[in-house]
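You will see two complexes here that share subunit A, one where it goes with subunit B and one where it goes with subunit C.
Up next, the complex of A and B:
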C-alpha cells in the first residue's frame, strides 16, 4: 500500500477524524486511525464506538491497501510535515509505515486493519439536504444550552426534528432552552426504505459541536440521513455517523404556547455590556434583578462580600412594569447567540419563562427560566 | 438601659416530664432510653438521681443499667414532651411576645421593653419559675443577662430550679472563668482548634488577638471573640436554628435486619419521602443525596451523589438513594439500619426555576406511601424514624407518615 498527497489536504482530513479518537481505550485499536486506499482515494476512519467519522481525499501514485496507524502520533507527524507533497508507503508484512517529505523521513509502526470496527451501511428512513454553513450556524446557536447528563439523558443532547418542512434544533439544561428553526424540504427519494415522515431524534451535543466545526470549513449542500438509532451527516468528503440518545426530549412546544404579555425592545450590545458588568458582581447561581420600567431596563446586582451594580439600559416597553430575577450568565449567553443589532425580550410573570428573540424574526428563540427573588 | 434577656432551661426535661404522671418515680433513678428491643437503646435523658450514679446521655441502656441496677428505664414519648414544651411557651408568652425557642426545652425571652431595670427581670424570672412549678409540676433554671449568649451561660450556672444573673458591670468575673466549650457555637471541632491555641476559658478567648482567631476559624473566630467580650449583635435568635441547617436526614433501625433489596427499596422510599417533606417544610432544595448503611456487623458505609439541579421531590431523592444503595451494597451482610440524607441545601428564595416546573412529572414509582409503610411495618414490626439535622429543629416534630 502506498500513496502521495499534499500536506494541506491530508492535514484537513486527519483533523476531521482525530476529534473523536480516544487517547486510551480498553480496545486499543480504536486509538488508531484506519488508512484505506482504493482507486487513488485515501479514506481515513476513526471511531469511539458511539460515533465514527470518515474523511476522503484524492491521492496520487497509489497502491491499494489498509493499515491502522496510531492516532496521536500520525496526527502530530502530518501536522509537522513540511508543506508540499508527502509520500507514504506501508509494508504489509511488518506494518511499518515510511513517510517522506522533502528532507524528512519518518518511520512509524502500524497494525493490520482486520480488527478495526467498521460501520455497516444502515437503512435510512429520512434523508434531507441543507447548506453546511446554515446547519453549522444552527448547531452552534443551539448546543451551548445543553447540559451535562444526570438523571435525564436528553439534557446532554440536541433535539433534531422536522415538522411541516421545518427543521428544528433544540437544546436545554432545563433552566434555559435554545431553539433554532430552518425551512427545508423532504424530497421523495428513490430508496424505498426512506419514508420522509416528520420525526424527532436526540443527538449528543458533544459530537454536534464537532460536526459544526467540520461543516463551518466548507460551503456546500450536505446530506443528513436518519435511521434506526443513528444520524449521519455527509459532506462531499467527510461522513459523521453517530448513535442517537434514546430518550424523550422535553416537550418544549408546551412552554412556547405561553404568550408574553410584556415585550421589551432594546439594543443587544448595550444589554450584553450591562449584563457582563453585572456578571462581575454576581457569579453563577446568584440572582440579578431586572426591573422593567417605562423606557428602560434596570439591572441591579449585589453581593454582600463584593459590592453592588446598578445599570440602566434604554428600552421600549409594551405592557406593565415588572421585576424579575435572573441568572445573569444565562442572559449573557442567550444574547451572545442572538445574532442581531436589536433584541426583544418577552415576559409573562416573575416566575414564568423569559423569551428572547430578534424582532420580526422567528428562526431563533432563547428561553430562560427566572430565579425567585428573595 | 441595657437589654434584659432571659434564658429558660427546663431541668432534666424528658425525665422530669415522665415523672409528672408517675410521681412514684420521683425519688428513683430514671432514664429515658430508646427501646432496646427496637435496637436503639441509648440514654436520651436522665434525672438528677441517675446522674449521681454517673449515667451519661448517649451511653447504652445496658451500660447504664450496669452502673445502677435500680435504674428505671422509660421509653421516650415525644408527643408528651412537645405538649409540655408548648405549655411552657404559653407561660412565657404572658410576659413577652419576643420568645425564641431553642430546641424543645429551652427558650429565650426578650424582656427589654417590659422591664424598667435588671431587678425587674429577676422578679419576672422567679415568677416564671414559680408558674412552671405550679402549673406544670416541672422546674426550670433561668439565666438573666444583657445578651443572648450570656443569658444561656447564666442558666447553666445553677441548676436545678434557680435564677442566675450575669450583669453587665461584672460579667467578666462570672463568665470569663467558664470553659470556652460552654459557649454557644463552640462545638467539639472548634474546641479542638481553640485548645490547640491554648484557649480554655471564655476569658482566654476574649483576650486573644481576634485576627489570629479569624486566621484559624474564619468569620466564626471574630464572632466568638465578640461573644466572649459581651457583644452578640451578630446573633439572631430567630434564624439561628434554620440558618445552621446544612443537611437534613432520616434513618431507620427496624426491629430486625433488612435482608432483601425489595425491602431496602421500600425503606429508602419511606425515608426519601420524609426527607422531602422536611426539605419542603424548611423551604430548602438539595443538590446532594447521601445514604448511610449500617450493616449487621456494625460496619458503616456512607455514599453520596451530587448533581446540579437542586431537588426536593421524594421520587428523585429516592432514585439517587436507591442507585447509591444498589451500587454500594452487597448482600453478604444484612442491613441493620439505613438512612437517607439531603446535603448541600439551597434556600428556595433565589432558587433557579426550571422548565420542568411546567410539567407534572408523573412519579416514576407509583407507590402509595402509607400502604408501603403499613406493609413494611407488618413485615418488620413498628419502627420510628430518627431525624437528624446539623442543628436542632426549633420545633421537633414527630414524623407521622
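Up next, the complex of A and C:
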C-alpha cells in the first residue's frame, strides 16, 4: 500500500477524525486510525464505538491497501510535516509505514486492519439535505444549553426533530432551553426504506460540537440520515455516524405555549456587558434581580460577603412593571448565542419562564427559568 | 471524668480516592494538583509519590522533576466532598460531637459514647473498619484525652496508623518532639522559639510560666499547658446537624429490589418531611445499603438544584440504587440521608420541570399539614399503605 498527498489536505482529513480517537482504551486498536486506499482515494476512519468518523481525500501514485496507524503519533507527524507533497508507503509484512516529505523521513509501526471495528451501512428512514453553515450555526446555538452530568439522559443530548417541514434543534439542562428552527423539505427518495415521516431523536451534545466544527469549515449541501438508533452527517468528504440517546426529550412545546405578557426591547451588547458585571457578584445561591420599568431594566445583585451591583440599561417595555430573579450566567449565555444587535425579552410572571429572541425573527429562541427571590 | 477524643485523619486522601477509583493507579505515584507543566502546587501526593520526595504544597514543576513518572491529576473536588460527607456520616454513627477540621480530618468526642459503643479503642477500631469497608479507604487514628494529643497520635504511625496516647506516657513522648508538633504553634511562634534556643517540647517545658507569659502574653499559659500535654479546647461540634437521615434494618434480609424501592420511598418521604420541618433544603443525597454479612456501601449524588421534597429525594435515591445494583445479594439495612444544606428561604432556581414539582409540592405540603395536626400515621400515599415496618 502506498500513496502521496499534499500535507495540507491530509492534515484537514486527519483533523476531522482525530477528535474522537481515545488516548487509551480497553480495545487498543481504536486508539489508531484506519488508513484505507482504493482508486486514488484515501479514507481515514476513527471510532470510539459511540461515534465513527470517516474522511476521504484524493491521493496520487497509490497502491491499494489498509493499515491502522497509532492515532496520536500519526496526527502529530502529519501536523509537523513540511508543506508540500508527502509520500506514505506501508510494508504489508511488517506494517511498517515510511513517510517521506522533503528532507524528513519517518518510520512508524502500524497494525493490520482486520480487527478495526467497522460500521456496516445501515438502513436510513429519514434523509434530508441542509447547508453546512446553517446546520453548524444551529448546532452551536443549541448545544451549549445541554447539561453535562447525566451521560445517557436527554439532558446530555440535543433533540433533532422534523415536524411539518421544520427542522428543530433543542437542548436543555432543565433550567434553560435553546431552540433553533429551520425550514426544510423531506424530498421523496428512491430508496424504499426511507419513510420521510416526522420524527424526534436525541443526539449526544458532545459529538455535535465536533460535527459543528467539521461543518463550519465547509460551505456545501450536506446530507443527514437518521435510522434505527443512529444519525449520520455526510459532507462531500467526511461522514460522522453516532449513536442516539435512548430517552424521551423534555416536552418543550408546552413550555412555549405560554404567551409573554410583558415584552422588553433592548440592545444586546449593553445587556451582556451589564450582565457580565453582575456575574462578578452572582454566585451559587446569589441571585440577580431584574427590575422591569417603563424605559429601563435595572440589574441588581448583592452578596453579603462580596459586594453589590446596580446597573441601569435603556429599554422599551410593553406591559406592566415587574421584578424577577435570575441566575445571571444563564442570561449571559443565552444572549451570547442570540446573534443580533437588538433582543426582545418576554416575561409572564416572576416564577414563569423568560423568553429571549431577536425582534421580528422566530427561528431562534432561548428560554431561561427564573430564580425565586429569597 | 477525663475526656476521650479521637482524631481521624485520612491517609493521602485525594490521591487514595483516585487510586481506589482507578485501579490502574494502585501502587503508583499519584499526584493531585494538575498539569505539571503549568503553575500550581501539589495538593496531595500518594505515599508512592512521597518516596520520591514529593510533598503537599510543593510546586508541581518541582514535583515533576522529582517524579517524572508520576500520574498527575487535577483532582475532583466535588467527588472528594461527597466522600467527605459519607465520612462524616460514619462519625455521626458514633457520636454527635464531631468537629471537622478539613475535608479529610475530624475530631470526635466519644466520652459519652462508651456505654453504647464500648471503649474509645473499640470505637476507634470500628470507625477505621467502617472507613475501610464502606469507603475502601484508610485512615490514621489517634486517641487521647484531648485534641492536641489525639491529633499528635494520628500522625505518629501514618499511614493506616492507630495510636492511643495514655496520660502516663505523655511526658516521655512529647519531650523529644520539635515544638512545631504542638497543634497551635504556627510558623512564627516556632521561628521565635527556635531563635531563643527552644527546639523541643522538652525544652519548652523547662521554661517557667511567668517567663512564657512575659514573651507570649495571653498565649503563654496555653504554651505552658500544651508543653505538658494539657489541652482543654473542646471538640466544637456544629450546633446544627450536617446531615438528616433515616435508616431501617429489616427483620428479614430482602432480595427483591421492588420491596427496597418501597422502603426507600418511605424513608425519602420521612427525610423530606424532617428537612422541611427544619426549614432547610439540601443539595446532596446519600443512600446506604448494608448487605447480608455486613458489607456496606454508600453512594452520594449532589444535585444542581435544592431538594426538599420526599419525591425529589427518592428520585435520586432510586437512581443511585439502580447504579449500585443488588447483583443477587440480600439487603439487611437501607438508609437515606441528605446533606449540604441551605436555608429553605434562600433563592431557588426554578426548573422547566417545576410544573411537575409544584404539584408534588402541593401534595407534600398538604400531607405535612395533616400530619402536623393528626400525627405521622394520619395520611400516607397508597403505595406505602401497610408498610409501617420502616418506622423506627
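Quick note on the criterion: the second predicted complex is superposed on the first by the 369 of 374 C-alpha atoms of A that agree within 3 Å, B and C clash if a C-alpha of one lies under 4 Å from a C-alpha of the other, contacts with A are read in each partner's own complex, and residues count from 1 in each chain.
In the analysis below, contacts are C-beta pairs under 8 Å (C-beta built on N, C-alpha and C of every residue); 3 or more make two chains touch, one makes a residue touch a chain.
The shown structure was predicted, so the numbers you read here are calculated from the model rather than taken from an experiment.
J.: With both structures lined up on subunit A, is it a clash or a fit for subunit B and subunit C?
T.: Here subunit B and subunit C cannot both sit on subunit A without a clash.
J.: One more residue to check, A:151. First (subunit B), second (subunit C), both or neither?
T.: A:151 contacts subunit B only, not subunit C.
J.: Which holds for A:57: it touches subunit B only (first), subunit C only (second), both, or neither?
T.: After superposition on chain A, A:57 lies in contact with neither partner.
J.: Looking at the overlay, what does A:369 touch: subunit B (first), subunit C (second), both, or neither?
T.: Touch partners of A:369: subunit B and subunit C.
J.: So, A:214: does it touch subunit B (first), subunit C (second), both, or neither?
T.: It touches nothing on subunit B or subunit C.
J.: Which stretch of subunit B would you flag for clashing with subunit C, going by 4-12, 148-156 or 382-390?
T.: After superposing on chain A, the stretch of subunit B hitting subunit C is 382-390.
J.: Using the superposition on chain A as set up above, list the residues of subunit A that contact both subunit B and subunit C.
T.: Touching subunit B and subunit C on subunit A: residues 172, 174-177, 250, 252, 255, 285-287, 325, 327, 351, 353, 367, 369-374.
J.: In their complex, what parts of subunit C are in touch with subunit A?
T.: Subunit C reaches subunit A through residues 304-305, 342-343, 345-354.
J.: Over in the complex, which subunit A residues touch subunit B? Could you list them?
T.: So the residues of subunit A touching subunit B come out as 147-148, 150-151, 172, 174-177, 250-252, 254-255, 285-287, 325, 327, 351, 353, 367, 369-374.
J.: Where on subunit A does subunit C make contact in their complex?
T.: Residues 149, 172-177, 250, 252, 255, 285-287, 325, 327, 351, 353, 367, 369-374.
J.: Sort out for me which residues of subunit B touch subunit A in the complex.
T.: My answer: residues 307-309, 316, 319, 347-359.
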